[in-house]
Amino acid sequence: MRLRLTPRDTTFFDLLAVLAGHTVTGATLLAELLGASRPEREQIVERLTEAEHEADEATHSIMRRLNKTFVTPFGRDEIYSLASALDDCMDAMDEAGQLIVLYKIDELPMAVSEQIQVLLRCAELTADAMPRLRKLDELPEYWVEINRLENQGDRLHRTLLAHLFDRVADPILLIKLKEVVDILEEATDAFEKVANLVETIVLKES
Amino acid sequence: MRLRLTPRDTTFFDLLAVLAGHTVTGATLLAELLGASRPEREQIVERLTEAEHEADEATHSIMRRLNKTFVTPFGRDEIYSLASALDDCMDAMDEAGQLIVLYKIDELPMAVSEQIQVLLRCAELTADAMPRLRKLDELPEYWVEINRLENQGDRLHRTLLAHLFDRVADPILLIKLKEVVDILEEATDAFEKVANLVETIVLKES
Amino acid sequence: MRLRLTPRDTTFFDLLAVLAGHTVTGATLLAELLGASRPEREQIVERLTEAEHEADEATHSIMRRLNKTFVTPFGRDEIYSLASALDDCMDAMDEAGQLIVLYKIDELPMAVSEQIQVLLRCAELTADAMPRLRKLDELPEYWVEINRLENQGDRLHRTLLAHLFDRVADPILLIKLKEVVDILEEATDAFEKVANLVETIVLKES
């Protein structure tokens, strides 16, 4: 049983791909942020927030269209969940960027840039996978790879926590840095949630 | 297509309005708490916890009635989600009040009372909107205003974080204050989630 | 109206019972962890992570079977939610154990072992209750008792927070201990969520 979407509803896949594309922009800007000087950072975070607003609008237009289009309640719930989960990825990345600037963090441990590379890879794989939902095509390699990346992210996160508690003597700086690495970990979890939803759809529909 | 509720099921709207009414009590008590002396605070928090218990009972009676009444699965899920989301608003406000007393916080930054004014306004608008669900009447102005308030709350929260990290030298006090302002921000997010659910219902039903 | 499961689908109840059984293992290992010396702890946490992986696999096999078996969408969603909620219990307990080792915490306040006893009791009651879902039998005493335990856990958590903020002068140690007791509290909440789902199923089906 396929998702019962009539041809014009293929726009859902396009819209999900657009939404996932914003997460690629988000992760790219986070990577830029790490290497940037303080004054540049504010500009980069502004562009990150713009990407977050665009993702918000993409999510809303998916929701609006869902409510106006005939789809089975079944397909509706799944598209709704996918859009929400993608929006959560974006929100977490935006929040991380905002906090780095708000907390005036000058230097982040090296492993944070590895966390962000993991996020960027997740975002790229997700943006690639969304259009393949139309034919439920070659999706297992996508979710297997996301699960692998999430495990890698998890190990990085633990290493970072151990590092912070061993090296950072100033408790206030520790609170700031811990919040940033925790939110980056949440962003990776959010991409895994998207992949789990895709897996569920494929299993149900095939 | 309207929610398929028979006339006696209009009690769902009454019950949701009662539940939202408890959040108005909650936000009002939080506002009182800020101006109160230490000994008064314990009493106010007791009343807050009573309001939280009453909200819990209202939520449970909505759930019980949902399970005994014939409604389409569709309407059922939405009423269930609305009741849960309203309960989350109350829980977050209760937790904030509890922590202020538990942590023996003597003074909170001025902007915290602005956060609570935002919450109070959200609670009032939500309690006003619930009965209008019956006829799906004049609801867009409600959710637009809640979204505006949530943005305002978000800016307040960031200003507060910057303020705390700039001004509070004692890390233990910082941990306490940060947890309180973070939970107040979560409460505002919870009201926005209620408004988003209402928007979804209206779009689907109209 | 009963859950429309054909006889072979009784395996769902067995699978849920197996999954809940892993949470009993998890809580037992957490209790062991508290009394153990540093070198023993690493071994215990390894076994905890194994239990978490087994719970993950049990959850996945429930999901896969759900997607291949004819059940009403109704029953499907509920089994899905139960499995996810049980998995959340396990994840929180695993995370607590990991952090105790990662943070090299030598001594935990006495009340933490009471928190873990509450968790163990929750896990045992839940594992006992899962097979009774088949006949929707003697379940109210289960969810009433879980709700009582969750309230007890909540009081313990508040007592612990007050204790930590009164006694722990080192802010970095405070951050570590607070995260552990907060996650143990989340684990208790997750068991309550399982019980609430069971209550909803029973009310709907009876």
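Observations
So that you can tell them apart, the chains are marked A, B and C in the order they are listed, and the count of residues begins at 1 in each.
In this text, contacts are C-beta pairs under 8 Å (C-beta built on N, C-alpha and C of every residue); 3 or more make two chains touch, one makes a residue touch a chain.
A quick map from chain label to UniProt name: A, B, C = Phosphate transport regulator.
Computed from a prediction, not measured in an experiment: that's the story for all the values here.
Annotation: the chain B (Phosphate transport regulator):chain C (Phosphate transport regulator) pair of sequence copies touches via predominantly different residues, less than half of the used numbers being shared. The copies chain A (Phosphate transport regulator) and chain B (Phosphate transport regulator) differ by a rotation of 120 degrees on their C-alpha atoms, rounded to the nearest 5.
Centroids built from CA atoms put chain C (Phosphate transport regulator) at 27 Å from chain B (Phosphate transport regulator).
In chain B (Phosphate transport regulator), the residues touching two or more other chains are 73, 171, 175. Within the complex formed with chain B (Phosphate transport regulator), the residues of chain C (Phosphate transport regulator) that make contact are 73-74, 158, 161-162, 165, 171, 174-175, 178, 200, 203-204. Taken together, the chain A (Phosphate transport regulator) residues at the contact with chain B (Phosphate transport regulator) in this complex read 63-64, 67-68, 73, 98, 102-103, 171-172, 175-176.
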